[in-house]
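Heads up, the thing below is written out as structure tokens.
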Amino acid sequence: MPVRSLARLLSVAALVAFAAMASLVAPDALAQAGAKQNRVVMQVSDNDPAKWNLALNNARNLQSDLGAANVDIEIVAYGPGIGMLKSESVVGNRVAEALGKGVSVSACENTMHGQKLAKADMLDGIGYVRAGVVEIMQKQQQGWAYLRP
Amino acid sequence: MPVRSLARLLSVAALVAFAAMASLVAPDALAQAGAKQNRVVMQVSDNDPAKWNLALNNARNLQSDLGAANVDIEIVAYGPGIGMLKSESVVGNRVAEALGKGVSVSACENTMHGQKLAKADMLDGIGYVRAGVVEIMQKQQQGWAYLRP
Amino acid sequence: MPVRSLARLLSVAALVAFAAMASLVAPDALAQAGAKQNRVVMQVSDNDPAKWNLALNNARNLQSDLGAANVDIEIVAYGPGIGMLKSESVVGNRVAEALGKGVSVSACENTMHGQKLAKADMLDGIGYVRAGVVEIMQKQQQGWAYLRP
């Protein structure tokens, strides 16, 4: 094998190694992408309509500043905050508006069970998570920022 | 040195370089592992027994939903929240129960110093951190999720 | 080209490839550095001077425990918390003191606009961010820990 062919072969090998490296580095690249993509999970756990309005204001401001297409927002209501998502909620109209603009809104089924609430007792169009606290933890561990309005 | 030996030598060198790379990438792999393992640090900084109960409820729900073996939980009480961990705390029994189930519960020594509290004034079995706020920051920077009940 | 020169050339090439890899891995290294460097973004969104004092206490404790040079702290006031940074704020002196010690203190321009506040209405020396909630999200996604005093 002439030396020149060997050199060419090794260049190819180096490229292959480089590509392999790059794929190893990919999880980090994803983490970086996470740093670019805007994602926020908001905790609503107070029985306080002022807090519910703040959460909805925060979501609206995030969308208006970044563009609704450029930010993922999930509002998770649990414990004493579950009232935000009951049918008779004083912020029902605003929740519907947020849902219409692509905000995820999730009720904690653990809390609903504890308060004997069925889905029929809740606002239309919302989502459900088994445990609000688990959802909030997992979202953070997937790179979402946390906000407690 | 024959070209074939050189090629073999370079292959080995490439593997060594690859291994070195992989070890460099390892911290990221750990971060990924962190994304799988469930870890939550909870802040208790309100002088409000309702909040103390919420923190304990949240810990219980995390353990019951994920399995106590599958989630690390640390409750850090500091500032106005330190009362949760005093001997006469109204949630003393529940703190003992949480400790028994493997939840870490830590009191801030800075706060204790400021309020002239000694360890003898505190609940049995709890842990201590020099500064609650530093503990909460460091846990997050080690990949723990944050929760303020 | 003698084989020895080729080997030397390839060693150099390997080093160059290694350096290229290292630069790819750098974002991760930075994330690690972030895990070592202490960085906290604090949310102040309550119209409650007790909370403002707690935020300032937390900042002071972080600096005294870690050394002011070893921790980056940003306090972001928005929504109902904006009063902390108005000229007539009851914690004006303490904010000035924190600024003097290198704490960043930022007011939300969205909130100021909503409350018809100009920079002339605010404390001297503070900074401004377009949207407090975006700032708090982005800092977290850059590896800062979150604290809501």
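To keep things simple, chains are lettered A, B and C as they appear, and every chain counts its residues starting from 1.
The rule is simple: a contact is a pair of C-beta atoms (placed from the backbone, for glycine too) under 8 Å apart; a residue touches a chain by one contact, two chains touch by 3 or more.
If you're wondering where the values come from, they're calculated on a predicted model, not measured in any experiment.
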Shared interface numbering between subunit C and subunit B [over half = same, under half = different]: different
What rotation angle superposes the Cα atoms of subunit A onto subunit B, in degrees to the nearest 5? 120
For subunit B versus subunit C, what separation do you get between their C-alpha means, in angstrom? 22
In subunit C, which residues are in touch with two or more of the other chains? 3, 6, 10, 14, 17, 21, 25, 28, 31, 146, 148
Under the stated contact criterion, what part of subunit C meets subunit B in this complex? 3-4, 6-7, 10, 14, 17-18, 21-22, 25, 28-29, 31-32, 34-36, 38-40, 54, 57-58, 61-62, 65-66, 143, 145-149
Would you tell me which residues of subunit B are touching subunit C in their complex? 1, 3, 6, 9-10, 13-14, 17, 20-21, 24-25, 27-28, 31, 43, 45, 79-80, 110, 130-131, 133-134, 136-138, 140-142, 146, 148
